[in-house]
Amino acid sequence: MSILEILALIIPAALYTAAPIIFTALGGVFSERSGVVNIGLEGLMLFGAFTGVITTLTIQDSVGAASPWVAILVAALASGIFSLLHAVASITLRADQTVSGVAINFLAAGLSLFLIKKIYGKGQTDFVDFRINKVDVPGLSDLPVIGDIFFSRIPYTSYIAILAAIVVWYVIYKTPFGLRLRSVGEHPMAADTMGINVTRMRYIGVILSGVFAGIGGAIYALSISGNFTGGTISGQGFLALASMIFGKWHPLGAMGAALFFGFAQSLSITGAQIPFLKDIPSVFLIIAPYVLTILALTGFVGRADAPKAIGIPYVKGKR
Amino acid sequence: MQEYVIEMNNIRKEFPGIVANDNITLQVKKGEIHALLGENGAGKSTLMNVLFGLYQPEKGEIKVKGKEVKITDPNVANRLGIGMVHQHFMLVHNFTVTENIILGSEPTKGGKINIEDAAKKVSELSQRYGLSVDPHAKIEDISVGMQQRVEILKTLYRGAEILIFDEPTAVLTPQEIKELIQIMEKLVQEGKSIILITHKLKEIMEVCDRCTVIRKGKGIGTVNVSETNPDELAALMVGREVHFKVEKQQATPKDVVLEIDQLVVHDARDIPSVNGLDLNVRAGEILGIAGVDGNGQTELIEGITGLRKVKSGSIKINGKDVTNLPARKITETGLGHIPQDRHKHGLVLDYSIGANMVLQTYYQKPFSKSGILNYGKIYEKARKLIEEYDVRTPSEFTPARALSGGNQQKAIIAREVDRSPDLLIAAQPTRGLDVGAIEFIHSKLIEERDNGKAVLLISFELEEVMNVSDRIAVIYEGRIVDIVDPKETSEQELGLLMAGGKREREGVL
Amino acid sequence: MQNLLKNERLFNILVPVISAILGMLAGAIIMVLGNYDPVAGFEALFSGMFGTPKAIGETIRAASPLILSGLAVGFAFKTGLFNIGVEGQLLVGWLASVWVGYAFELPAVLHVTLSILAAAVAGGLWGMIPGYLKAKFKVHEVIVTIMLNYVALYVTADLIKRYLYAGNEKSYRIHESASLSSPFLSQITEGSRLHWGIMIALIAAVIMWFILEKTATGYELKSVGYNQHASMYAGMNVSKNVILSMTISGAFAGMAGAMEGLGTFQNMTVLSSFTGTGFDGIAVALLGANNAFGIILSSLLFGGLNTAAPQMNFDANVPSELIKIIIALIIFFVASGYIIRVIAARFSKEGK
Amino acid sequence: ACGSDEGDSKKGDEKKKTENFKVGLVTDTGGVDDKSFNQSSWEGLKKFGKEFGLEEGKSYRYLQSEKEADYIPNLGKFADGGFNLTFAAGFLLEDAVQTAAEQNSGTNFALIDSLLMDEDFKPVFLDNVAAVTFEEHQGSFLVGVVAAKQSKTGKVGFIGGVDSPLIKKFENGFKAGVKSVNPDMEIIAQYAGDFNKPEKGSSIASTMYTQGADIIYHAAGGTGNGVFTEAKNRKKNGEDVWVIGVDRDQHEEGMPENVTLTSMVKRVDVAVYEISKMAMDGKFPGGKESLFGIKENAIGIAESQENVSKESLKLVDEYKEKILKGEIKVPKTDKEFAEFEKSL
C-alpha cells in the first residue's frame, strides 16, 4: 500500500470514530468550564445512545431516512434532561461532583437496560433500518489526493462535529455567555459580585454537557453500532473525558485530542494490514493509542490547568 | 434635602452561631472618605457585604440618597451606584484586565464581545483617574497593586458613586499606598463618596473625614477624624489602651548565625531575582529587610529555606553550609520560618489545629516513634501551645480552616518559635492583622531576640520594620544596597534607599 | 464542641444508612411502576443476599475484592488523588497472582503469601506509573489511569494467550498450594465459594486505617494531598509521597485481583471487557466515606446486592439491572446527604 | 459423533415423563437475544418446551449471567430448583459446569461448545455432563466455497472476534473452502480482539474492502455488526461488496441494502432440542462428547439463498457430500490448514 492509500484508510476511519468523542468531549468542556466535574459523561453518552436508538426504532416507519437525525435531537434533549440529576445533586445539593458523576454512570447503565427489557422484552434492541451513512461528499470527494483522504466515506456527523467544536470555541471565547461561563468556573465569587447568577450558569453548563454527550452517544449508536445493547457504550465517555483533559479544557484542543485517539486507533487496526507494521505483535498496535496519549501528555503537551474552581460547590459568602 | 448618600440603620446580620452585625448604624456623607474601623472579625466586611447585596440583613434599613432600598444582590447595588473593592480580590486570574472589568455587562457587536471597544473605554477611564493599567494584560501577570486598580476600575466602569474599599492597603507597598491615596482623593473631588476599611490608624488620620468604629459586631460610634488621635481610635476599637511603640531593650548581638555570600536565586521565569546578595544576621538581633515588593524578598526567603534552588553563592547557618540542602535538613539545622502566605505555606487548612502544630516535627520523638504517631503527645503539645500563645480556637481538634487569620498566624508563630530555632525568619508576620494581634506578634519576636536568637524580619510596612528591627537592610534589585540603624534614620530616607538610593523621589509614608 | 464531634460521627453513619434505605425504597417504587411484584422482588433480593448460609457466603465472597478495590480508591482519595485506574491495577494483580500460583511449586502458606504479594507488587507498580508521571511531569492522574486501564486489559489478555494459555480463553489453573479457597468455609456456608480472601481484605482495611491514621507516613501522605505547598514548606518530599500514595493504592487494587485469581476463579480469563470491580470500588469508597470500616460495610452491601441480582431475576422475574439503579440512587442520596448534615450541623451549633 | 434421531417416543408415556421434567439454560453475559448461540440455545429450549407442553418459567426457563462470577451460582440455582437438565451456553462456562456438576451429582448438565478440561487441558468426562460441540469448520468450509465462487476480485476477508481455538476453526475451515475452489484466491484474515466493538469491525472491514476484498466472512459477534454497517455503507455508494454471516441466518442484518451473501449457521437450537429430548427419554448422553455437524443438520448454510448463485449452491452440495463421505477432512487448526493447503 502506498502512503496515500494508507492515509485514505486511516483518516476517514479516524474521522468516523472521532465524531461521537468530539461531541461528548465538547459537552465535558461546557460542564467543567462552568466548574462542575463531569465523570458522568459516559452515562450521559449512554443515555443518548439509548434514546437515539429507541427513537429511531419508534419513528423509522413513519419518518424514514430522516429518523436518525430526528433521533439525535431527541437524544440531545433526553440527555440534557437526564443531566439535570447531576446538576441538582452537585450544584443545588452541593454533592461531591465526582460522586454524582459516578452515580450518573451507574444509573444510565441500569436504567437504559431496565427500560429496554421493559419495552422490548429482551436485553437489546433490533437494528435500526436507517443509519447515518458514510458518504462521499459531493464534489469534494473527487478532488485529487485530498478527496479520498478527507471527503470520501465519512459520515456528515464527522464534519458537523468539527464544525461544532469551532462553534463552541467561538461561544466560549468570544461571547458574553462564554466569558461568564468561564468566570463561574474560575472564580464564582468574583462572578457573583459582578451580578452573574453562578447557579444558573452552572446549570446551563451541566445541561449543555448532557445535550452534547447525548448527541455523541446517539451518533455512536446510529452511525457505528446500529443498535443498543448493554455494551454499546463501554468506555467511550471516559475516552471523551480524557480528550477533554488532553485538550486542556479547550474546545479545539478536545477536538484535536479526539481526532488523535481516532487516528491512533484506526492506525492500530489498519496497521495489521500495512506491510511494515504487520510483523509487530498486534497487542502493541492495540495499546498504541493509549500509550501514545500518555507519552504525548508527558512529553510535549505539558501541564493541563483545570478551571480553578472546579469541583467546589459555590456557597454564597463562603471564603 | 439629603445629608447622607448612604444610611445603614440598625443593621443586624447573623451567621449560624454568631451575630456578626448587631444593631450597627453607618451614615456616609456625600463626598467624604468615611473610615470603618474595628478588630479582626468585628464585622466590617460583613456590614459592607450587606450594603453590596451579597448578604441579606435580618433587621435594619438601608437608604441610598435618602430613599429606602432593598439590596437583594450585587446587581441592585451596582444600579444604585454602589461599588466594592473586596478585601480578597474578586478577579479571574486568567482573564485580561478588560475581561475582568466588563464581566457581567459586556458590550457586544453581533453577539460577539466587542473587546476593542471595551479596552478603549477602560483606557479612557484609567487615564481619567490616573489608574494606569494595561487593558490586555492577564491578571496573573500583573502586580498586586495593579490588580487593585483593576478592582477600582471595575466599580468605576459601572458608574459607581459610592465606593467601598475593604482593607485596600494591607497588600500594597508604600508607594502603591501613596498612589492609592491620591486616587481616592481624586475620586472624592469628582463627587464620589468612599467607605474605607483599614487597620492602619495612620491612614485614617491622613485621608479620612469621619470614622465609624465597631467592636465585636456592635457599633461604638462615629468620630470626626480631625477631632481625634490614633490612641483614642485604638482604644475605641479594642476597648482598652494600646501601646504602639514596641517596648524593647538595646540589642546585644553575638555570633553570626546566618551568613549569606554572593547569593543568586532565579525566579519562576528563570530571571535572577536575588543577584549577588550578601547579608549577615547575628544572634540576639532583629534584622529587618526593607524594600519594595518584587525586589527579590520572596526568592531570598525561598532560597534560604530550601524551597527554591540557589544558582550560586552560599548560605551558612551557624557556620554550616546549607546551600541547596533539602528544606527539612535546613530546618533541622536550626531554622524557623513564619511564611508570607499563611494559607498557602503555613498551614494544612484541613488538618486540625493540633496536627498543624507538629507540621515540622511530626516525625520526631516524642510525636513519632519508629514511624508510628503518638497523637496523645501531639495534642498535649498542641494544648500547651494554644494556651501559651493564646490561640483562640474551640479546641485542638478544630480544623485550622475554621480559625480567623489572626489566630491562624498565632498558631504558626507558636509552632515555629516553640522549636527554639537559632534563626527565625518572619515574612510579613502581621499582614492583615489588627493592632492587638500585631502587638502580640511583635513582642514575641523581641522575646526571641532577647533569648539570643537571630531574627530576620521581612516586611513591606516601613513602620513595622522601623519599630521592631535593630538593624535595617535595604534590598533593591536583588542586592542589599545599604544597612542602616533605625534610630538614626527617618522613613523618608529609608524610602529613598528603597527606591534605588540616589534617584530623587519624594519620601514615602 | 464535643457534641458537635459526636453529631458529626453520628451523621457519618446515619447518612449512608438512610441513603441505603431510601435507595431500596426507590427500588420498590420502580418495581411497582414496572409492574413487578415488589414483595416477591425484595424477598428474593434479601434471601439472595443473606437468606441462606450459602447466600451469606457468596455475599462475603463478592465483597472481598470490592473491599480491596474500595480501599484502593479511598486511599488515593484521602491523599488527594483520584485513582480511576483500580480496574487496570486489579487486572495486572490478578494475572500476577495466577502466574505465580501456577508457575511455582511451594509449601502452601508460602505459596499463597507469595502469590498475593506478587499481585500487590504488580498492582503497585501499575499504580506507580501514574503517580510517577504526576510527580515528575504533572500529568493528570485521571487521564493516565484511564489510559492504563485499557493497556492492562489488552496486555494481560495477550500475556495469558502467550504464556499461560490453557484453552477456552483462560489461563492455567493455579496450584492447590496457592489457592485461597477453603473446603471448610465452603462447607460451613453450605457450598458457597467463600474463601480466605475476606481475611486478607479485612487485614488490608486495618492496614489502610493504620497507615493513614497512625503513622508519620500517613500524616505526610494526607498533608501532601491537602496542601502541597505547605508540605513542601514542612520539608516533605511531595513527589515521593504522590508516587507512594498511588503505589499503595495500586497494591490494594492488585490484591483485589488476587481475590479473583486465587479465590473465586483459580485462574484468569482472557478478558475483552472490564470486570467492573474497579469502578464499583469508586462507589464503595464513596458510600464508605473513604473510611476503612465504612468501605467494609458498603462492600458487603454492594457485594450482596450484586450476588442477589440473579436470585431476584430467577424468583421474581425482575431484571437484574434494577440493582444497578438502586446502587446509583444510593450513591446520589449519600452525595446529597451532605445537605442534611449541613442543616443538622447548623441546628446543633445554634443549640450550643 | 452422536446425537441420533431415534428419540421418537411413544405418545402414551410422554405425558408422564413431561410432567416432572424441568430443563434450564444459563446464558453467558450475552443474554438470550444476542443473535448468537445464547439466543439459538433458548430457541431450541423453547421449541422443546412447547412441543412437550411444558410451562415456561417453571419447567423450562433461562437465567442470564451478569458477570463471570455468576456462572456457578446460576447453575446451582437450577440444580437446587430440581431441574433435571441445565444447559450452559458457551465454553466460558466450562469451569463453572465442572464445579457445579461435581457439587450436584444428582442432576445433569450440558455444556455447549466445549469439552470439560482438566488442569493440563486434557478432556475429562463426568457422567452427569454432556459436552456438546459443533463442526463449525465444516460450515465455514461451505461458505468459503460460496465466497470463492462468487468473488469478483479474487480476494476475500475473514474477521474473527478474538483469536481463540474456537474461532480458528471458523477461519481455517473458511480458508480451506476458498482454496479448494480456487487455490489462487487471496484471503486476508484479521482478529478484532473483541466480540463487542462494532467500530473496530467497521474499520477492519473498511480496510479489507479498500484492499480489494469483496466478500468478508465474520465470526465476530457484535463486532460483526460493524462489518455489516461498513458493507451497507459501501453498497449504498454503489460498491459490490458482501458479508457472510455467522451462527444464524444473518440475512436480516444485511437489510435493507441486502449485503448478506449467505450465512454459516450453527444450529445450537437443534442440539439443545435433541439433548433435551434424549434426557427426557432417559438417554442423556452424559460422560461423552456429542458432536453436531453437517450430518446432524446442525451445521450448514443459511436458508436465505437469494444472493447465492445456482452454481455456487451446486458446488456447495458437492462439497457437502465429500465432507459427509469423509473424502475431505476439513482443517480446524492452523497446522491442519497448512497441511490441507499443501495437499491441494
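Each chain carries a letter (A, B, C and D) given by its place in the written order, and its residues are counted from 1.
As a working rule, a residue touches a chain if its C-beta (ideal position, glycine included) is under 8 Å from a C-beta of that chain, and two chains touch if they have at least 3 such contacts.
The structure presented is a predicted model; accordingly, all values stated were derived computationally and were not measured.
Among the other chains, the CA centroid farthest from that of chain B is the one of D.
Our note on geometry: chain A versus chain B, Cα centroid distance of 46 Å, whole angstroms. Chain A and chain D have centres, each the mean of its CA atoms, that are 36 Å apart. One finds 46 Å separating the Cα centroids of chain B and chain C.
We define each chain's centre as the mean of its Cα atoms; on that basis chain B and chain D are separated by 77 Å. In chain A, the residues that reach two or more other chains under the touch definition are 231, 234, 286. Each of the following residues of chain C touches two or more other chains: 154, 157, 273. For chain D, the set of residues touching two or more other chains reads 64, 193, 196. Inter-chain contacts occur between A-B, A-C, A-D, B-C, C-D.
Partner chain A is touched in their complex by these residues of chain D: 31-34, 64, 188, 190-191, 193, 196, 198-200, 202-204, 206-208, 210-211, 222, 225-226, 228-230, 232-234, 236-237, 252-253, 255-256.
Contact residues of chain C toward chain A in the complex are 30, 34, 82, 84, 133, 137-140, 142-144, 146-148, 150-151, 154-155, 157-158, 273-274, 279, 282-283, 286, 319, 321-329, 331-332, 334-336, 338-339, 342.
Contact residues on chain C toward chain D in their complex (touch as defined above): 58, 62, 154, 157, 161, 166-170, 172-173, 191, 193, 264-265, 267, 269-270, 272-273, 275-276, 306-307, 309-311, 313-314, 317, 320.
Remark: chain D residues 57, 63-70, 72-74, 76-77, 81, 91-92, 94-95, 103, 114, 117, 119, 121, 162-166, 193-196 touch chain C in the complex. Contacts from chain C toward chain B in the complex involve residues 1, 5, 214-220, 222-223, 226-227, 229-237, 346, 349-350, 352.
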